[in-house]
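In this document, chain identifiers A, B, C and D correspond to the written order of the chains, with residue numbering beginning at 1 in each.
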Amino acid sequence: MNYYVSLEEKEVLVGVAEAGVAQFKIRIEDREIAVDAHKVERDAWSIVIDNRVYEADLVVSDDDIEVLIKGDMYPLRVLNEQKKALSRVSEAAEGGKQLIDAPMPGKVVKVLVMEGQEVEANQGVIIIEAMKMENEFKSRAAGKVKEVFVKEGDIVEGGERLLLIE
Amino acid sequence: MFSKILVANRGEIAVRVIRACREMGIESIAVYSDVDRHALHVRYADYAYRIGPPQASESYLNIDKLLEIARMSGAEAIHPGYGFLAENPDFARRLKDEGIKLIGPPPEAMRVMGSKTLARQTVSAAGVPVVPGTKESIETEEEVLRVAREVGYPVMLKAAAGGGGKGLRLVNEESEMRSAIRMARSEAKSSFGDDSMYIEKYIERPRHIEIQVLADQQGNTIHLFERECSIQRRHQKVIEESPSVFVTDEIRKEMGAVAVAAAKAVDYEGAGTVEFLMDKEKNFYFLEMNTRLQVEHPVTEMVTGIDIVKEQIKIAAGEPLRFKQEEIKQVGHAIECRIYAEDPDKNFFPCPGLIETLRIPGGPGVRDDSGVFEGFEIPIHYDPMISKLVVWGKDRQEAILRMGRALSEYIITGVKTTVPFHIRVMNNRHFIEGDFDTNFIDQVFLKEEQERIPENSEVAIIVGAIEQFIREKSESLKSDEVREGEGISLWKSSFRPGFGRRF
Amino acid sequence: MFSKILVANRGEIAVRVIRACREMGIESIAVYSDVDRHALHVRYADYAYRIGPPQASESYLNIDKLLEIARMSGAEAIHPGYGFLAENPDFARRLKDEGIKLIGPPPEAMRVMGSKTLARQTVSAAGVPVVPGTKESIETEEEVLRVAREVGYPVMLKAAAGGGGKGLRLVNEESEMRSAIRMARSEAKSSFGDDSMYIEKYIERPRHIEIQVLADQQGNTIHLFERECSIQRRHQKVIEESPSVFVTDEIRKEMGAVAVAAAKAVDYEGAGTVEFLMDKEKNFYFLEMNTRLQVEHPVTEMVTGIDIVKEQIKIAAGEPLRFKQEEIKQVGHAIECRIYAEDPDKNFFPCPGLIETLRIPGGPGVRDDSGVFEGFEIPIHYDPMISKLVVWGKDRQEAILRMGRALSEYIITGVKTTVPFHIRVMNNRHFIEGDFDTNFIDQVFLKEEQERIPENSEVAIIVGAIEQFIREKSESLKSDEVREGEGISLWKSSFRPGFGRRF
Amino acid sequence: MNYYVSLEEKEVLVGVAEAGVAQFKIRIEDREIAVDAHKVERDAWSIVIDNRVYEADLVVSDDDIEVLIKGDMYPLRVLNEQKKALSRVSEAAEGGKQLIDAPMPGKVVKVLVMEGQEVEANQGVIIIEAMKMENEFKSRAAGKVKEVFVKEGDIVEGGERLLLIE
């Protein structure tokens, strides 16, 4: 199977084939890598490549897989060829829409932008308070605020839509 | 000695106190809110009483209910832990009236140290150095200039009615002063309707150093040396250590004596912490006194060998301290990392939730003070601290390497935690060299981290692809079997003992 | 210093060594048999190599294969742990020939101490007290009587060719001797075809006391005081402590000096343990010297603050010891309980299997040296030790109470363990009073336990009934839902994240 | 529901009724006990009775439930009324048959009895070696050896039948 794995801006095509129990042949670009991979705990893999040991903890949410290795978090998006083709279509359709939602229940402290406003990449757009801490959410890319779904003082649920940026 | 102690707290600190009780042969009484019935502090206690709904105001802060339970359960003393009611003089007074011993200082010491201005006046009178400046408002610009010259630039110009950063101005030199006063006054006027100002010396890039004290009812007061707590995010300590690399033996002695003087100035009893800011020239200034057990007390325990919680209990029971100042030694080096359910890559945003996997590090020199277990749901109602990981090493270098080793063994899934953040701090050159102050995380570390390129992205990509491959494979196997009508038998097999634990 | 060390072992001791390497900045190389790929020592190492099938003879004891991996991986030194090849002089010699440093003593020291008779002769010549008696066979009955009178009754009459208890006779007084000789001789003759006998003084109800020594390559030899290991089942240590309640300061000093002399007699290098039997009058006799790291080394680490494994590595790298005898202090008291996968209620029968739940105790003064994790299957091929739980307390009383507290927090399900056994020992009056010898468990404790009536049988009955009630209820719910054709959806829901962790 | 719970020689009738979430009314003889019982981990219960806290770890194998509380193991047999009735019938039919099986894989070191031999309660009947340790198995009750299924030197699987005593 082939997977399109993207990490931040980069995307690589990764070929995965089984080569025995817990053994895999991985192809990245034109290199082939033999990988010994055991799922040793619920979300933890023990990996041996060229006799080097790695431990990787995962947070999986559909195709978003966050991999934690030696204290560094690698937020991946892993799509098989079918899903990649679908995502190309929908990306084209959505034209780079960006939905900002609440990661956990909290209270809207301040909305920093208005509908129609142009925002830059990394610009703060909304402040949410949860567990007595305030957190500023930023726009991932430059664009225009299409819609603001909440107002200051609102109590929001985890996963609730906050803003849409185009 | 007491035979029954009520622990008016939850989480790791309640577990800490209950463990001490058990090791002293004292029965412990836990209280729990509706979301905490499963919590470790309940499971480890001898007795447990429901205290109310999840909100702290209706449970762990409910003085009436606590007193009712204390009476009902026959508790002779109450340990308040930290937070919640630990520094509430009203609670202390109510307990006194009821004849139940609070394991902590007398209400009056709590009251004085709880007020910034009263505390500053009281300890200053006892010879404790405070940040130079005025506490009363200054009327004229000339007066402001005179005082500023006296304490030396840079100074902070502060609105007397101020708060939240409003009416606050850092003034680096005299030439900036006049315009700063005007702007600060107008800001203060519009924000608080009061434009009176006072001045304090501005401590540039301070380090946070604190002294642990113990005072018995017989009037013996000693200190257990310093802790350095300069590694903070959002002005909250996240890593503490003892000793401080920055403090010399001479200053250590001086700070210890000053902290003891501060405690004596309020007839202190029990364990307390005198916090100081220290400038680059190693001048130190009283910040405040915490009249309770401190989160970071374990680092002191590990270098002195003294169990601070047991000492608190003994002192409350009227026992005199069994050791003299000169018998207490700092041996080796201890570091504590606070493990929070927070996302360090998203500005430390809280991430409460269900702990799906938990593997705690072990081996030599490692102590884990935790309030959670695998399968526990971290409630959203309280502080998101999961545990305190503490290590001891023969010196700071060994302690840092050991902490790095222990953190690499720590597995928590289900919630994001600060474990990866701590790993990176342990690898940071400035931290290793002891070159930091209270602004380190926000101003130095996070910037350096943004520029660092993680080493294992290829391995991560490989794991991600394999995970997806295996998931798709098992999904397709499952749907095949369902299609063949074997769903029910497979479903039953999922209740086999051990299922879900083998991979 | 080495940059890469191969750890030729598995389980907790391999983890222990790998942790030390990591804390020293040394890369570690793990080896694993086919059943150990998931094991912690593999997961914590920097490199890992498969060594062979499960049977130890084809994996962890396979010298050729180990050497091949050592060469291939670029290991500069090998740490053998304990057991397996740790005391094999052939292995030591092969490594020497290959130019790979064994972290342990020279082959010759290993060989001498590995032979009971050679060891006895060598240390005896160095002034170390040995159990009085003869090592050569005695011909005539008159000679036997003379020697027995010399060493004093009771004596053990032993077949020189003996083993497994055959040809062994305890003789309490001279009147029993003649018939004892006849019977022992005839038994020896028929069992071994050799009726030569020798005599040793019988040490009644001995205590097992051992001294930890460290010797560097520069010829400095020091000791780290004693451990008492008298709590044994089937002649295997299960609880160890330091210091021993039974040893006075004077005898401690004497034993230390004698142990150092024993080590010097064989030009010892690295960490070793000189074991003694001690009689009721506190006379002590050399038993044997273990030329390796001991299972129970952590108790010594906790009272001296010295990391024995790191010292082993430094010594092997040629570094001289950094401390002198007089700088080493015993501070507080440490106890170790070995947690085995065994059924203490069925004569400690081994119970390997899958660890379904594992919750390890934490808090102050607790150290867990473990080689397992939740979801790990304990292989049937090796020693069934799960972990070593070690505590430190300011005195023995605190250590016992703390151990009891820690054990009460230890949850292991899926396999039976010795945790309950240890809880009962910590509550046993004789143990608490220090009144025991090596026969304590078999001859005193188990009898007392049979007579003790457990307190919580009613609670147990209630829990059992509720468990059955809940199981029947959920079974009936399940079958209802299956009947309604919802089996498949329910089955799917069992794959939700977190399933199986909530109850 | 009523359960017959036996612990060693004694048997008690225990009534169980639910009285809310994780709340139970337990009847033992003529006493009624309010029990707060939460299954907090896979095989661990946290119990509160009269505000007293107990932690109980369980090893469950059908109706045999071993309960571990504060270091003591209570081996229970818990039968509902239906099963109790059935067991009366089968006990009568089997006349106290006792099957001894191997708790784990091992090797038969010695068979201490012969078929037809009378044995007393607690008499050793067979020795099995596993993981280098020998263990003697005993007859739970007096009886006669009906059948010996293994011989010395045999390798046995966990659960394999060793002897039948009547």
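Everything below uses one rule, namely that a contact is a pair of C-beta atoms (placed from the backbone, for glycine too) under 8 Å apart; a residue touches a chain by one contact, two chains touch by 3 or more.
Since the structure is predicted, the reported quantities are computational estimates derived from the model, not experimental observations.
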Select, from B-D and A-B, the pair of chains that is joined by more C-beta pairs in contact. A-B
Distance in whole angstrom between the CA centres of chain B and chain D is 49
In whole angstrom, what separates the CA-based centres of chain A and chain D? 52
Centre distance in Å when chain B and chain C are each reduced to the mean of their C-alpha atoms: 39
Centre to centre, by mean C-alpha position, how many angstrom separate chain A and chain B? 32
Could you check chain C for residues that touch two or more other chains and list them? 44, 356-357, 359, 373-375, 408, 500, 503
Where chain A touches two or more other chains simultaneously, the residues are 38, 40-42, 55
So which chains actually touch one another? I want all the pairs, not just one. A-B, A-C, B-C, B-D, C-D
Sort out for me which residues of chain B touch chain D in the complex. 30, 37-38, 42-49, 73, 373-375
Could you please specify the touching residues of chain C with respect to chain D in the complex? 234, 343, 345-352, 356-357, 359, 380, 383-384, 407-408, 411, 413, 416, 419-424, 427, 454-472, 500, 503
So in the complex, the part of chain B that touches chain C is made up of which residues? 15-16, 19, 22-25, 44, 298, 301, 305, 307, 331-332, 354, 356-357, 359-360, 362-370, 373-375, 377, 387, 393-394, 398, 401-402, 404-405, 408-409, 414, 482, 487-488, 490-491, 494, 497-503
Chain B contact footprint on chain A (complex, rising order): 1, 3, 5, 7, 12, 14, 16, 24, 26, 28, 33, 35, 37-45, 47, 49, 54-60, 63, 65, 67-74, 76, 78, 80, 103-105, 130-131, 133, 135-136
Would you pull the chain D residues touching chain B in the complex into a rising list? 22, 36, 38, 40-42, 46, 48, 51-53, 55
